[in-house]
Amino acid sequence: MIKYIGRRLAIAIVTLLTILTLLFVLLEFMPGSPFNDEKLSDSQKEILYEKYGLDQPLPVRYKTFMINVITKGDFGVSYAIEKNAEVSKIIDKRLPLSIRFGLQALILGSVVGVILASIAALNRNTIWDTMTTAFSVLGISIPSYVFALGLSYFLGYKLTKATGVSYFPMTFDLYKPFKSSILPTIALSMFVIATVARFMRTELVEVLGSDYVLLAEAKGLNSKKIIFRHAMRNALIPVVTVLGPLTVSLMTGSLVIERVFGIPGIGDLLVTAISVNDFNIIIAVSFYYSIFYILMQLFIDILYGIIDPRIRVSKGGQS
Amino acid sequence: MSQVDKFERILSTEDFQKDVVYEGVSFWKDVYLRFIENRGAVIGMILIAIITFMAFFGPMMNEHSYKSKVDNHINLPPRIPVIEKLGIFDGERSGKNVYVEKGLDDVYYWFGTDNLGRDLWTRTWVGTRVSIYIAMLAVVIDMFIGMGYGLISGYVGGNVDNVMQRFIEILSGIPNLVIVTLFVIVLNPGILSISLALVITGWIGMSRVVRSQVLKLKELDFILASKTMGASTGMLLMQDLLPNIFGQVIIMSMFSVPNAIFYESFLAFIGLGLQPPLASLGVLINDGYKSILVYPHIILPPVIVLALLMLSFNLLADGLRDSFDPKMKQH
Amino acid sequence: MKEKILDVKDLCVNFKTHNGNVQAIRGASFDLYKGETLAIVGESGSGKSVTTKVLMGILAKNGEIASGEALYKGVDLCKLTKKQFVAFRGKEIAMIFQDPMTSLNPTMTIGKQIKEAVLEHTKLKRHDAKLRTLELIELVGITNPEERYRQYPHQLSGGMRQRVVIAIALACEPKILIADEPTTALDVTIQSQILELIKSLQKQIGLSIIFITHDLGVVANMADRVAVMYAGKIIEYGTVEEIFMSPAQPYTWGLLASVPDMANKDIDLYSIPGAPPNLLYPPKGDAFALRSEYALKIDFEEEPPLFKITDTHYAATWLLDERAPKVEMPESLKKRAQAMAKEALAYGSK
């Protein structure tokens, strides 16, 4: 188990360093970076260069960049969005909100997805099964931003107009953190629900037809015990794999959800930064997204080890 | 026949001892039969055909172009000849016929117009072309890069496989979104950066599937038999390996299509994809979103086409998977 | 006469499939006496595994019992609902499956899987249940029970896992044990160990065993009586001596002749020509006639009834009708079958 986690950690670190290097290279050769602006006079450029250490040779700059990022999380200052504000401070303000919505959606989506899948797999080829399958195909087919638009239009706008009461606010409001986060969370979790339900149903159907479930049945266990003790855990193992792709879709989802519902998170920040060419922010947000993804993958690998003894306990011996 | 005759032995045994050959069904025919029976998959395929047809010929069906702006024609609701007599699609909004009000008695915009007076019918189908292009690109990438990478990695094995797999491990550690973002800022938003981002990231899943299939097949007796009988590598790949992984490859590439279509439209929606006046479904949805509260008709056509297209590809992929892998099919 | 514990009469089972109705069992009858081992022999697809699934109440969802009954202690197992069956499964009738590699839950320790069965059917407290589990692990011949208790299936070899499966089956002291090809997936040396284990357990506990196999060597070794199954029917049954020394059905002849003979290596291995019939379209008359050298005209018209040969020996073939020409098993086959029977019976004598 220790060897297994060690290997995963090593890969994660290499990936992270690769990404950082890639970001550094981009920063250097970015066609439209402010340092290459032709309107700047030579002396102005020199001052800028000195200020940001750009007069140093490339390897030194690379070292400074890496050390600044790794030890202090320092990505320099913003050029456009909040002129000369430190990027790390801007992100610190917005990060918790994005993480909160991501986690809410992931948890809500997984729980609902597993429940739906169980209903479908246990009532195979009934109306429940058909409905769940239809729902999950729709859920992965309709893009999250379309869901977001639909929810905000019908529940946020039309319902409010019709009843005169705002049950589901159309935009996020920091002072009504629960009520105004209902719609964005649902919109963001739709894809998670659909993916988990779809995947889990297939696995559960397979596990329910396996020899060991047959043996459990032959033991005389009732179906409740068979499902919870034998089927669920084994069906969940492969489902853990989809958590990786889901994290990515939550990130892309967060970009549009934050935009549609006006949530001041880092997804919204990234979109704005790209439109105004605020490179340091783009790079910092990209870096944070990568860290999330890598951490998530690490977490998935460890989770795997926890629920699957075939990974945790090596063959033949004790753990 | 007398009672005794019945108990006569049949000695000309040859007539009776033949192996009885039951009418068998070949693998591909079986796949075909199962596919045809899958209602969802067939509907998906028909819808894809219709949408593709419309993407190519829809814009030619009326006289409007996708970028011509007419100042007097902004934000017109849909109006379709003949059907308007039924009281729907008659150009009415809040009880008034907008066309008649503006004195445009003979003008018809089947899906209406946007806030610059451009024809939504034409723009929707022109935008669909982008999605179709992306769909084809995704399949091509899967088929060539993904399958090639997986085949080499799995078939050659050893150190080559090791290096190739470590590379994938690192590449797949970088979120797609980050890669696309970087491409967009280096190359500027547009179809090229999206295509390149797809090329970089789109094939990883496929290569993994192909590699594991090749590894599994390599150990099977029939491959070993071919090898011992002196088949060349090329022959092994073409005759023994490819036909056996082809089903998986088709299924995988069908599953990656909706994903690619989504990505393009998503990027366009947040402004990192195609730029107006070019149209893609994402661009149109973004346009419609801006005026959704006042003119909800603008956002509907692209949303419906996009959802139908992705739904169809998902249904088709599901159907293909069930047809190729009858174990997964439940009676 | 020994006490009859199970009586299966005229069992018919159909499976609804994509292509039509498969008549997997077409009227099978047999009985089981207390403390004996009945072997059901046949090629794959002959319906032997389906028969056991009926007795365990674990028939696949697309299968249905069309007619017949299976009486156990006066209860017809065929008429029980899923819920009612829970009382019989494990407690009265237990089962060992073919592949020990897949029949244990990979994410649960060995101990828990056995203890679960103990807790389910006895009133033992947790601690006592654990002791009973350790006892069972030892009973099936696994050393270091304390250590094994905490291990996962992937840490054990195939033979060990089959022992665990047997321990699970024994956990609730069943009256009948159904063993569905319990050694097919194992190495030859492990096979005989497992067979010995089952035999010794039978003696200790007094189990009645239904032993499903296609391996006649194993049959001679294990069984008291043999039922030969073909195309969903039992076509011959009798004591193990009767089946091996004086088989009556041409199919049984073929089966016996096709066992490799280690003593006379120069004789070519015999194989029954053709393949079993497709039970989507069961043939008229004697299902084996198409592949039989001894087919009569009537075989293609009418199904043969079970002819009584002795009090214990019955066979379904028109050759036993008084009007039929006298046909003897060919000399070469006879020699082989008897040589092999002798060897196996000598080995298997209890």
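Order of writing sets the labels: A, B and C. Residues in every chain begin at 1.
By our rule, a contact is a pair of C-beta atoms (placed from the backbone, for glycine too) under 8 Å apart; a residue touches a chain by one contact, two chains touch by 3 or more.
To keep track of the chains, here are their UniProt names: A, B = ABC transporter permease; C = ABC transporter ATP-binding protein.
Bear in mind the structure is a predicted one, so any value in this text is a computation, not a measurement.
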Topology of the chain contact graph, where touching chains are joined (line, ring, star, complete, other): complete
Winner on C-beta contact pairs when A-B is weighed against B-C: A-B
Identifier of the chain whose CA centre is least distant from the whole-structure CA centre: B
Whole-Å separation of chain centres (CA-atom averages), subunit B against subunit C: 50
Length of the line joining the C-alpha centres of subunit A and subunit B, rounded to whole Å: 24
Per-residue overlap in subunit B, given as positions that touch at least 2 other chains: 331
Contacts with 2+ other chains: residues of subunit A: 124
In the complex, subunit C residues that touch subunit B: 16-18, 62, 273-275, 277-278, 289-298, 301, 318, 321, 323-325, 327
Subunit C contact footprint on subunit A (complex, rising order): 124, 210-212, 214-222, 225, 229-230, 233-234, 237, 307-310, 313, 315-318
Contact set on subunit B toward subunit A in their complex: 40, 166, 169-170, 173-178, 181-182, 184-186, 258, 262-263, 265-266, 269-272, 285, 289, 292-293, 296, 299, 303, 306-307, 310-311, 314-315, 318, 328, 330-331
Subunit C-facing residues of subunit B, complex: 1, 3-10, 13, 16-20, 22, 331
Residues of subunit C touching subunit A in the complex: 56, 58, 61, 86-91, 94-95, 97, 99, 102-108, 116-117, 120-121, 147, 150-152, 154-155, 165, 168-169, 171-172
